[in-house]
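I have placed the structure first, in the form of structure tokens, so that the comments after it can refer back to it.
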Amino acid sequence: MPLVDIQLIEGVFTEAQKKGMIEKVTDAMVEIEGEAMRGVTWVRVQEFRSGAWGIGGKGLTTEDVRALTS
Amino acid sequence: MPLVDIQLIEGVFTEAQKKGMIEKVTDAMVEIEGEAMRGVTWVRVQEFRSGAWGIGGKGLTTEDVRALTS
Amino acid sequence: MPLVDIQLIEGVFTEAQKKGMIEKVTDAMVEIEGEAMRGVTWVRVQEFRSGAWGIGGKGLTTEDVRALTS
Amino acid sequence: MPLVDIQLIEGVFTEAQKKGMIEKVTDAMVEIEGEAMRGVTWVRVQEFRSGAWGIGGKGLTTEDVRALTS
Amino acid sequence: MPLVDIQLIEGVFTEAQKKGMIEKVTDAMVEIEGEAMRGVTWVRVQEFRSGAWGIGGKGLTTEDVRALTS
Amino acid sequence: MPLVDIQLIEGVFTEAQKKGMIEKVTDAMVEIEGEAMRGVTWVRVQEFRSGAWGIGGKGLTTEDVRALTS
């Protein structure tokens, strides 16, 4: 405890970026919960298929989100 | 908000059917929450591997479910 | 199978509306998967505390969402 | 009801072991809830990519966990 | 790793039964993954409100399920 | 997208700390995904009952975790 689940659309972020998310989100949690909790802070990354994440009824594609992040 | 997660066994439904689920489930939610919420209604589809979804201790396969839906 | 999880902020929707979501989302799924699957279609409603669902770093309150839906 | 979700890192356990988890976890639940519930006890297995499950900010790999289980 | 999430309808099982589920499900997992993994095997219990878990479009109540388990 | 789910044991963290987690975890994600994504970055906090989160078969209580964080 605690557990943090990061959910993304696949293909948008590189392996290095996903690794960075695990590190930075762990640091953000430790800033609040205290260094003693670092070893029991779990952070996971889960990816959904392109088109499988709908907003307003329309499935977002990897390209849709890349356009947003560029 | 709201977020709706649809969980299926892979290989049972076509891409068009999964797209249809995102659309129809969004419509069903909007019918109740109001049109103003459509843009912030997220609906996602997640798929489990054939055999990884057990009922009564026995993993359902894609073929098991296809037999049910035909 | 399938399982659908509807996630809301508490206090926004009445019990009747939540009951309606279970019914209408089940109907939407059955429209695509077929009537034979109705009995094994599970739809659940889970609620988050007011302020526990952040968008852009700011926790949404029940009142925030009510203002949206009115 | 009930539903049990088993979450693993991919590549650590064989298909036979995952099948065994579904069976034994179902049995463990039935021991408490009663035999009448066996047919409505769902147990699913979900797998995360190697490196996508961080502990203390560092993503666990399949090899890390294999070393633990050997 | 691993993590197991047990999801129930509230009011059906006693605290002792839920405690028993955590113990027996952990034992079932350890039987397969090995004793070395016991300390990193997390098992959690989450409860849904009575009526918030629909099967076939109808929300199950605590009483419905108690009738099943008796 | 993205969505981040923070899962805690209830009673360990104050409302201010939970608010801080939503803010800092959002910032950590934006550092990687880019400022343009801030408005569509959802971060939620979910809490489990004291004793409902087992490690090695034993349910952690609020007091157990407080002792760790002090």
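As written, the chain order gives the labels A, B, C, D, E and F, with residue 1 at the start of each chain.
Note that in this section a contact is a pair of C-beta atoms (placed from the backbone, for glycine too) under 8 Å apart; a residue touches a chain by one contact, two chains touch by 3 or more.
Quick caveat: nothing in here was measured; it's all calculated off a predicted structure.
Participant: Would you mind telling me which chain pair, A-F or A-D, is linked by more contacting C-beta pairs?
Facilitator: Greater number of contacting C-beta pairs: A-F.
Participant: Among the chains, which has its CA centre at the largest distance from chain D's?
Facilitator: C
Participant: Between copies chain E and chain F, are the contact residues mostly the same numbers or mostly different, with half as the line?
Facilitator: different
Participant: Using C-alpha centroids, which chain lies at the maximum separation from chain E?
Facilitator: Greatest centre separation from chain E goes to chain A.
Participant: Chain C to chain F: how many Å between their CA centres?
Facilitator: Comparing mean C-alpha positions, chain F is 22 Å from chain C.
Participant: How many angstrom between the C-alpha centroids of chain C and chain A?
Facilitator: Spacing between the chain centres: roughly 23 Å.
Participant: Averaging only over C-alpha atoms, locate the centres of chain D and chain E and give their separation in whole Å.
Facilitator: 14
Participant: Rounded to the nearest whole Å, what is the centre-to-centre distance of chain A and chain E, using the mean of the C-alpha atoms as each centre?
Facilitator: Computed from C-alpha means, the inter-chain centre distance equals 27 Å.
Participant: Using the touch rule from the top of the page, what residues of chain C touch 2 or more other chains?
Facilitator: 3, 27, 40, 42, 53, 55
Participant: Which chain E residues qualify as touching chain C in the complex?
Facilitator: 48-49, 51-59
Participant: Which residues, counting only chain B, touch chain C once they are in their complex?
Facilitator: So the residues of chain B in touch with chain C come to 1-9, 12-13, 17, 20-21, 24-25, 27-29, 31-34, 36-37, 40, 53, 55, 60, 65, 68-69.
Participant: Which residues, counting only chain A, touch chain D once they are in their complex?
Facilitator: The touching residues are 15, 18-19, 22-23, 26-27, 38-47.
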